[in-house]
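First chain written, first letter: the chains are A, B, C and D, and each begins at residue 1.
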Amino acid sequence: MPNPPLSSAPPSVPNPEPQRERVGYAVVGLGELTSEALIPALRTSQHAYLAAVVTSDIDKGRAVAGAAGLTDADAYVYDDFEQLSTRSDVQAVYIVLPNNLHRDFVERAARMGKHVLCEKPLASKTQDAEAMVAACKAAGVRLMAAYRIQYTPEHWAAKRAIAEGKLGAVKLLSSAHTQVEPTADTWRLKLKHSGGGPLMDVGIYCLNTLRFLTGREPEWVFAAQHQPTDDPRFTEVEESLSFMLGFPGGVIASALCSYGADKTTSLRVLGDGGAALLDPAFVYSGLKLTLSGEGGDTLVRFPNYDQFQLEVDHFAQCIRLGHEPYTPGEEGVQDHRLMDAIYESVRSGLRVVLPKLSGTDLFRTVSNQPAQIQPGR
Amino acid sequence: MPNPPLSSAPPSVPNPEPQRERVGYAVVGLGELTSEALIPALRTSQHAYLAAVVTSDIDKGRAVAGAAGLTDADAYVYDDFEQLSTRSDVQAVYIVLPNNLHRDFVERAARMGKHVLCEKPLASKTQDAEAMVAACKAAGVRLMAAYRIQYTPEHWAAKRAIAEGKLGAVKLLSSAHTQVEPTADTWRLKLKHSGGGPLMDVGIYCLNTLRFLTGREPEWVFAAQHQPTDDPRFTEVEESLSFMLGFPGGVIASALCSYGADKTTSLRVLGDGGAALLDPAFVYSGLKLTLSGEGGDTLVRFPNYDQFQLEVDHFAQCIRLGHEPYTPGEEGVQDHRLMDAIYESVRSGLRVVLPKLSGTDLFRTVSNQPAQIQPGR
Amino acid sequence: MPNPPLSSAPPSVPNPEPQRERVGYAVVGLGELTSEALIPALRTSQHAYLAAVVTSDIDKGRAVAGAAGLTDADAYVYDDFEQLSTRSDVQAVYIVLPNNLHRDFVERAARMGKHVLCEKPLASKTQDAEAMVAACKAAGVRLMAAYRIQYTPEHWAAKRAIAEGKLGAVKLLSSAHTQVEPTADTWRLKLKHSGGGPLMDVGIYCLNTLRFLTGREPEWVFAAQHQPTDDPRFTEVEESLSFMLGFPGGVIASALCSYGADKTTSLRVLGDGGAALLDPAFVYSGLKLTLSGEGGDTLVRFPNYDQFQLEVDHFAQCIRLGHEPYTPGEEGVQDHRLMDAIYESVRSGLRVVLPKLSGTDLFRTVSNQPAQIQPGR
Amino acid sequence: MPNPPLSSAPPSVPNPEPQRERVGYAVVGLGELTSEALIPALRTSQHAYLAAVVTSDIDKGRAVAGAAGLTDADAYVYDDFEQLSTRSDVQAVYIVLPNNLHRDFVERAARMGKHVLCEKPLASKTQDAEAMVAACKAAGVRLMAAYRIQYTPEHWAAKRAIAEGKLGAVKLLSSAHTQVEPTADTWRLKLKHSGGGPLMDVGIYCLNTLRFLTGREPEWVFAAQHQPTDDPRFTEVEESLSFMLGFPGGVIASALCSYGADKTTSLRVLGDGGAALLDPAFVYSGLKLTLSGEGGDTLVRFPNYDQFQLEVDHFAQCIRLGHEPYTPGEEGVQDHRLMDAIYESVRSGLRVVLPKLSGTDLFRTVSNQPAQIQPGR
């Protein structure tokens, strides 16, 4: 018998609810993330389960379905997406497609009355993101932007520490999210599919998390980018981009993102009475939060958990209880508007002033905060 | 679309083989480890899948089966264990029961011709462990001791660094594995069920890993323990135990284990040209290996992986290819003999000299090393 | 007898040369840095020694002199600075005064034919810095800007790793240097004395080290700052400032500095084949350099050393051997010009384009690199 | 002007008292420790200063004296040690000689009425250590054992955390102190000079610090060692040694020491409510203390300080105020007795039971605790 796990585990056995009481998801798009993270999370979640897969290649779909314990009948091709309308056991779809395809599938899902969990960025263009929000509203279905970082205990502990004044008044923030895209043949590097370069895919983590942690919206932005002229990977999108944000009260944040630099995921918050460091800040597991203040640096420990499970379970609970998700489509739209401003600053070389937005957590559902995992081990 | 994972992931999609080509496991015992780690691992493994569950309570069994996507018919109670003999899709059983029950179920599984993966320690008594090995041999089935630490890339990288002389000649080792058992009502604290205290359950990691890393068998052992007289948890077994091992060539190791001390899992190897530190060394995820030598301390990085998946996949491959597992029953028996000597030293207060065993990796199947995950990210 | 130190120590005993062969320094200004760091460094250096002190208060000067093993006659007040002209044992002066006083004392020292080691920033205004360079040149004495970060083994190891391509092509950099100035009554917060806020005093480390590590000069700069209206500390200078630099080849750096945020000193370099992290990056001892690449993160270890000793010894050797110091006055002037551009960007809200400068290490004496401490322990 | 140091520095300037009010030390023995650590500490201490040096070679003595700002007249050879009796400015001698010479010089110093700070171990034999204590007592001078680890803020913070129950009840401890002695030609490897191998020189840190942190005396000891037969370095003393200590209440500690293994200095304390880790634990600077408990691991930060300065200043204050030092000779004698028992266990292969000693901090001067540096930065 092995030793018990580090964590004081969730209590009851069996942990998950019976499948028939859980929310069935159809996952649309069978890339690496789906097979490595989402399907495992759905198969071990509390409130959700994998009910169907949708892909371009029926053979691949059936193979994945089979591997996941489903039947051939649970695999669909994109053209047959609407067949899910007859599947009452599929209450939600999870869109894991190239950005430019999000809108079409979200709208089709909404028309079928299916709730939608959509990967970030919400779309390849702001107007598409806005249309998705409108379509879901019109159809009376929930739309959640898959910002997993707004569901992890580490980021929530940092947000709470800031809100409770543990760092004193926040003054400066910085963040970096970089990685190397090794080859040119990915949709991420095609402007039409992605809508932009590293900003859209990795920089958005910096942007979204800076907004989440401060709870505020920036008042201005400045940005610069590098797009090499001799690298076949970067004929359509930038290689690296750096942006600076001005938040209310003179708080300044700076961020770096890249598809051409060594993997780094980091976020630092500096207050006049302490500091918080998340490093790594955005990876799928092993996030580390250090809170610094008088007397020392504390690495805050949490029990093991699965980031994707927290996400799919939150949305499943929203569906069952009729709640708006903590990160609704509007949260994703706001990032799109800010990314537009960032690219505008790159183009113009000028600081771009944004519409003034007072208040905190303006685009989040503060009445429906995600379930919290407490520090401990 | 989220950013790709840190790791250069295993290549093909779908990752797992089709279920019909994988090895079906029946898991016997539905405790926390099973629900939190083994079933998830079996559901996302490459070469194995969960085919049945066996437990004391049919309702719980059916609930777990259902939660795992199986049917009521896949749940069995202990008395009906032999019904698995008709299940040709169940090729292996994974025994996750209190130590004293291992022997009975291993022998019954062997009689059905099922291969057996058995949790550590192999039994509650050495003679039971020996009997299990004999029974499986007689029945022509494979028996693997579930020493997950002998399947992780971090421990293999440490073992290789030692074998290749990266640390110079090894001189000293130390290890600790401690945790707090909060309440008295666990079978681990009942001598009849467990066969012993923390040594049997957590100290065995120190012992086994010291043997694995050096590849050698100790020549003598000295040990001391503490068993409080006023703590209801420790009426039958020790609270804490410390042992010292003498390895060939004058290499000395010392180890600490406890059910009454803060969670610690650590192992250090000191050579005359460098050092290796595993800390944490034995937890389920997030192991860290630091190799030190001229010029600095290198934290070796590996792609994400699931420790239990590596274990169940190794045994599945052994079954399909007709190989002896890397950690056969004999490896488990040897730990039992050494734990007997440790307890004998505690009782006598004397150093206990062990039978001399020359050679390296005497109880492991060196011809069938586990598949290796290479450093990288 | 204690155990020998970690480091393989410098060989001969006694380590320092006989005092009469070393270079005598007069230290001008007896603040905290002088008493805590410079005098100890001078007293244990290899090639230098403390010969005199100059201050505003003769009693304090005599007390410091006495405590340092000098006599009352070795203490001078500022007005008597020129009495050092008769002290042939004083070959160098180390200026540790408020920024706006640097120029006067440097020019007076030059007129006496004394070589000058001057704290950073070189002055409170660019034109003063330029005048100081001219005055020393005219007088035939050496002027060294006290950029200790250009003399430490950690920063040199990072610079070498970059130059040798260990990180691949550098893409992005970030740095932060922040601290809390607790009270308003320091000359650092008086514009006339300091010439500016945290940029001049702590942000200059980011700026100078980014230039040092890349070896390049920025082509443009953008900056923003925060100066609260209700904080008595910041009536004259900014509280926090963030700047972005565009280096040749599209390399972008961002930096944060503050007098109102928790102590942080950090610098990160991201290449397409690896990364370097210095954290802490700018403190007086315990700098940590981590180089990341395939296979892991290596914390590079160095023997113990004294940063200030490296500085005063380098300059002492320059004086004895007739060499230009590695960081001559011109290096300090260039930072002044860049800080002017940063403040101009703050004022205008616009990106400021800088004169194009090709080549590497343009303001450093590449023929006279500081003595190198090799990794080891 | 450089940025202020991390620490909130000791307040007044000049930090040290005037030299005539400080305690003058004669340092006896001019090895590496003296030149690299003790003389710098004495030259920058608060209450002490270097007044004279004593060595075997008058030229070396004069060179060291000169380098330290003393005159030729301040250098003495061992035979002229008694000339210090006329030096009223020399109130203390610091003995930094091979262990077997300690007794002679301590007794000679006592006869001159000089107070003695003596390096650890106090002697090469227990009876010499006892004689030293008696001689100083008879002469009415203070004798302090130079256990610098009992004067650092990190170790005191750990001791306090234990005493205040921050870790709960202490259950287990482990420690390691190892290093490679590269060549055979050091007195440390000569039994006559040293009295023993790594136990006497580095293992004593483990022993002494385990006693200091728990405040208790062990009840039994078991030990084993390795002395290779083919290594010219270890013809007289052991290469590696491991010992286990039984403390009152069933607390067990294990320790490793070596002259043949990679530099490691570590100490871990495991309680039922938390843990303390010192790593590095025994080096001259950069000690790190991590306290673990519910919610996380806290790295406790302290302002910069000089370990040797704390030691020499403590003893200087004892002399001036007429106090017994916190670590009097008796503390050193107790370690000798325990090391005798450890070697006896090695020889006999048996556990050695020690005289029962009740109470806490039996050999320390609890009424004269060293001045405390508080956590902070």
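Criterion: a residue touches a chain if its C-beta (ideal position, glycine included) is under 8 Å from a C-beta of that chain, and two chains touch if they have at least 3 such contacts.
As the structure is a computational prediction, the values presented were derived from the model and not from experiment.
By count of C-beta pairs in contact, B-D exceeds the other of the chain pairs B-D and B-C. Chain centres computed from CA atoms place C at the largest separation from chain B.
Distance between chain centres (mean CA atoms), chain A to chain B: 36 Å.
The geometric centre of chain B is 55 Å away from that of chain C, both derived from CA atoms.
Chain B and chain D have Cα centroids lying 43 Å from one another.
Under the contact definition stated at the top, not a single residue of chain C touches 2 or more other chains. Contact residues on chain C toward chain A in their complex (touch as defined above): 167-168, 171-172, 174, 176, 178, 180, 222, 224-228, 239-240, 242, 244, 246, 250-256, 258, 260-262, 264, 266, 268, 270-275, 292-293, 349-351. Those residues of chain C lying in contact with chain B across their complex are 294-301, 375-376. Partner chain D is touched in their complex by these residues of chain C: 1-6, 9, 13-19, 30-33, 35-37, 39-40, 43-44, 49, 60, 63-64, 66-67, 69, 96-99, 119-120, 146, 148, 177, 179, 188, 201-202, 205, 263, 282-286, 304, 377.
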